[in-house]
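Before I ask anything, here is the structure I am working with.
For clarity, chains are labelled A, B, C, D and E in written order, and residue numbers in each chain start from 1.
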Amino acid sequence: MRSVEESPVTRDGKALVLAHDHGLEHGPEQFAGVEERLDPARVFEMATHDAVTALAVGKGLTETYYPSYDDQVNLLAKLNGGSDLWMGDPYSPQNWSVEYADELGADAIGYTIYPGVNREPEMFEDFRPVQEEARERDLPIAMWSYPRGQAVKAHRSPEVIAYAARIAHELGADFAKVKYPRSREAMAHAVDAAAATKVLLSGGSKTSDREFLELVESCMDAGVEGLAVGRNVWQRENPHEILDMLERVVFEGASTDDVL
Amino acid sequence: MRSVEESPVTRDGKALVLAHDHGLEHGPEQFAGVEERLDPARVFEMATHDAVTALAVGKGLTETYYPSYDDQVNLLAKLNGGSDLWMGDPYSPQNWSVEYADELGADAIGYTIYPGVNREPEMFEDFRPVQEEARERDLPIAMWSYPRGQAVKAHRSPEVIAYAARIAHELGADFAKVKYPRSREAMAHAVDAAAATKVLLSGGSKTSDREFLELVESCMDAGVEGLAVGRNVWQRENPHEILDMLERVVFEGASTDDVL
Amino acid sequence: MRSVEESPVTRDGKALVLAHDHGLEHGPEQFAGVEERLDPARVFEMATHDAVTALAVGKGLTETYYPSYDDQVNLLAKLNGGSDLWMGDPYSPQNWSVEYADELGADAIGYTIYPGVNREPEMFEDFRPVQEEARERDLPIAMWSYPRGQAVKAHRSPEVIAYAARIAHELGADFAKVKYPRSREAMAHAVDAAAATKVLLSGGSKTSDREFLELVESCMDAGVEGLAVGRNVWQRENPHEILDMLERVVFEGASTDDVL
Amino acid sequence: MRSVEESPVTRDGKALVLAHDHGLEHGPEQFAGVEERLDPARVFEMATHDAVTALAVGKGLTETYYPSYDDQVNLLAKLNGGSDLWMGDPYSPQNWSVEYADELGADAIGYTIYPGVNREPEMFEDFRPVQEEARERDLPIAMWSYPRGQAVKAHRSPEVIAYAARIAHELGADFAKVKYPRSREAMAHAVDAAAATKVLLSGGSKTSDREFLELVESCMDAGVEGLAVGRNVWQRENPHEILDMLERVVFEGASTDDVL
Amino acid sequence: MRSVEESPVTRDGKALVLAHDHGLEHGPEQFAGVEERLDPARVFEMATHDAVTALAVGKGLTETYYPSYDDQVNLLAKLNGGSDLWMGDPYSPQNWSVEYADELGADAIGYTIYPGVNREPEMFEDFRPVQEEARERDLPIAMWSYPRGQAVKAHRSPEVIAYAARIAHELGADFAKVKYPRSREAMAHAVDAAAATKVLLSGGSKTSDREFLELVESCMDAGVEGLAVGRNVWQRENPHEILDMLERVVFEGASTDDVL
């Protein structure tokens, strides 16, 4: 496992990933009120903000826009993902090979796993060659580790989130992106369970500035490496402002009260 | 993503694809009244019309007739397709490899995806190596993006069509062929959702000259790149005449009233 | 698509394929009354008759007997087939690779497709590499195109047979072996639907000399390339006699009355 | 198809295969009363008897014991097999590649097929590369051909056994191991149906000396090449004695009365 | 089959494998009361104890911690495993290739098989290339052989455990890790059934010192090669102490009474 401290997708051992795979995973309805951001160039532009250590996007957006931003943006190639039109048991198809992501300039790769779903074994087996190919190419690996399925009654219970973080470690990911387990203590437990794998808070739906920043502050205190944020940035009227504030909380240890 | 403006399948950044995969997808009944067009040579002949920027056909027709037309016709190799005799959950098998399409002289490739169907994940995964092999060979990629399945209640609702167009972009297609979402505004929204991917109107069943031309005019106004048309050309008594009129509307900005 | 006129499996642009895959597809019960023909050497011997342009058999028979007949018999390697003991939804497994068929001296390959069955997509996808490998090796391709499945109410309706013939053309076969659609006109329609793909009448169960020859005559008039015949030859007491008569009808344009 | 007469697994065109895959297929309960034969070395020792033309065992036993017996024993590598703990629809997984069997010194390969089961097509397709790789390496192929499944009402009816033997021939096996179809005439029919493929009687459960020898004698008269025997040898107190008697019946044409 | 006596994972022909795949297979709840051992470095440290002949861990832990311990610890790479969140029919996905395990310094590989489950055939087929690749690289193979499924009523009955051990031998494993079949005699039968494959007792849940040591002593007397132990070591307050005692029982033939 490579040292994530020296990774191009962290800064001083901290990470703020801007995620923008919502066009595929959730569809254009996510852009209600901010329709101009259907144009991915707007989000690539946001990713040039100093606070952003990597931009997580899929193949199509990378092919089209990354050539113009590769000097200014670190790319976290999100390799799998499905549409929200689909009603089947959770599973995420791979849309992009590691080889091609590397060729397009990826600095790291991202992959979703749903522990507990009917096709868990298949998802683990899909991940194997992805992980090993990424190692071969010296690309750090972030796992979106989201337990689901009939046995997972509480997606955000402390034990389930800790398990999610541990699975990322056991299967060979450098980063585990997990949901917030509803308390600072539970997040600290997940950080312990992840061992050497670094935990990233999954940002979730848009909330108020204070609510969001307090969440981030609490998780940073709990020992997470940083966060992956999408809607809480690009659905805001002024994304630059929230990125300024996040930069202080994530990288400079400021409190929510300091920045508001 | 290559510049589609310079693609051999567009002309001045506009496209008119003549599609002729109906023998496979719908069967010989489609040719009732125009039986002589069961002979694909007739349709290849139509495709030599100046208005047609590419002809979309499958492997068998290409092998047989394209050697005689490769100087006059741009080939959009339609790689997947199934028969209408089949009653299973929507899925489209691949009948042709990108390598062989390229060898036979394809200028672009076409691939159908049905977002929302039970086998959506499998279709996305089928598409991955096709898309990447096409990029390797510098062949533009057109996705027939047709949402279906139990969750898709309204196949032509504005949001579903916009989502279809976005999926084409997210997965790395240069062109998104979508159905008409019932209004000019909805089509404009789909064009926005597709971002840099160019939208092509899917022609659909045969209608009157006026109805069809007004539809095309409205979509061109909404920002589509052009259209893919089959039955509205080759089921007509005089295909040359409708192609003349389409040429004026698509490439010269004429109105329906101008050309009728 | 290579010129089938120059193919080693046709003679003056006509074909009479002797088929003998019944041991696999139907079992030894087919040989009741002609048990000595369980010995494939007897059928290879029949195939040396001048009327026979190719012998369609599977891997095991080819391995064993073809080395003694390769100077006298053209081999159509039947690549897939299952047993009649099986009760599943129609599907035909591939028992033989194109590479090995070529190595054993095949002059053409044969492959069964069942349009309309639950596994139609899988059968189309199985056929793809077979077809492309055969092209690579310059081996003509015959498709046994037999629509079945829940949606196919009338296996021999004119439209279904025409569709079967068209599918063979669309997927890249040189020959479409189809059942008789119950009239000369319907067969002529199938011949039109097949476009450049040559249609072969599928012989079917044993009938009287007159009945069988009139069927062949009618189909030749309808424009088929010839026929593939099995039981109507090797289940007869005197196969040589019926082959003599077929030779006159298929290659010399004689009528049933002429030859009886 | 190679000449099985010259095969290392036959002697004067006759074969006596000692089969010992029962530890996998049936489990240690088979060894009740003869527990010392859980040690495969005992069975390898039996296989050095002059009557035994080949020993059929799996990968683990071969790896461990064959290096000490390769001068004295011909190896028939049994490539597939499952446990009796499994309750699914009949199917036999492949546990051993042809390449590795060859590397370990196999003189022939053995493979089970269950015609008529739900997964018949998959079993036929599994067999294809095995058969072709074995040909490539000049290894004779024995098929354990055991019809099963919902459609196979009578596993040992004359027609079903004849069909089983024919399938082995059609798919390219040199030997067809089949169950006894309950009469000498039925076995003779199976021998005819197998054409050039040699039939081996499948020994089955342990019976009395007379009963077993009369069965073998009757089948030899019916034209089988020999037998594959397991429990009727290694479950006996004195395996050497029964092998002596089998040698006379199989290779010297003695009758049961002669040897008892 | 290589001589396991000379294997780096045994000492004087005995083995004590410390297993630590519980983070993946059972989750962080296993660490209640010993939370500091969520840090795998603690368990790698335990594995430096002289009694431990190999440490069984997965890919993620190996990548992260093994580089610091490769001089002091023998690695048994546990290649497959799933999470306890999953409720499907027992199956264990492969998370790690043999090639990569070898590259990271594995001294042996471990693989779980569940004989009797619905997917038994698939598990056997998954194991085939793993086993053959491990042979190619001269890595000993340990099978975790745990019968399960609807047909397996008594997981720990003498016959089921003996069958489990035999399957490991038949499929080509050097070691069979099995559950305790509830008596010394039954374990001796399993040892016989395993033939040349060495049996390892599977340690199971934490029990008292006496109970655990008596179990180990009884199994050593029954002829097992050693044990694989996890929770009975790392869930204890003082793992070093129990390892000291196990060392005497396993390698020096001491009794429980001697060491307590």
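To be clear about the criterion, a contact is a pair of C-beta atoms (placed from the backbone, for glycine too) under 8 Å apart; a residue touches a chain by one contact, two chains touch by 3 or more.
Predicted model, so just to flag it, every value in this text is computed and none were measured.
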(request) Please identify each chain that touches chain A as well as chain D. (result) E
(message) Using the contact definition given at the top, which chains are in touch with both chain B and chain E?
(response) A
(request) Determine how many degrees of rotation, between 0 and 180 and to the nearest 5, align the Cα atoms of chain C with the equivalent atoms in chain D. (result) 70
(message) Regarding the chain A and chain E pair, does the interface count as same (over half of residue numbers shared) or different (under half shared)?
(response) different
(request) Just give me the whole-number Å value for how far the CA centre of chain A lies from that of chain B. (result) 36
(message) Using mean CA coordinates as chain centres, what's the gap between chain A and chain C in Å?
(response) 57
(request) Find every residue in chain E that makes contact with two or more other chains and list them. (result) none
(request) Counting only chain pairs that touch, give me the topology of the graph as line, ring, star, complete or other. (result) ring
(message) Please list every chain around the ring, with chain C first and chain D second.
(response) C, D, E, A, B
(request) Provide the residue numbers of chain B that touch chain C in the complex, in ascending order. (result) 21, 23-24, 27-29, 31, 35, 38-40, 58-61, 63-65, 81-88, 91-97, 100
(request) Flag every residue of chain D that touches chain C in the complex, lowest number first. (result) 1, 115-118, 120-122, 124-125, 127-129, 131-132, 135, 147, 149-152, 159-160, 162-163, 166-173, 189, 192-193, 195-197
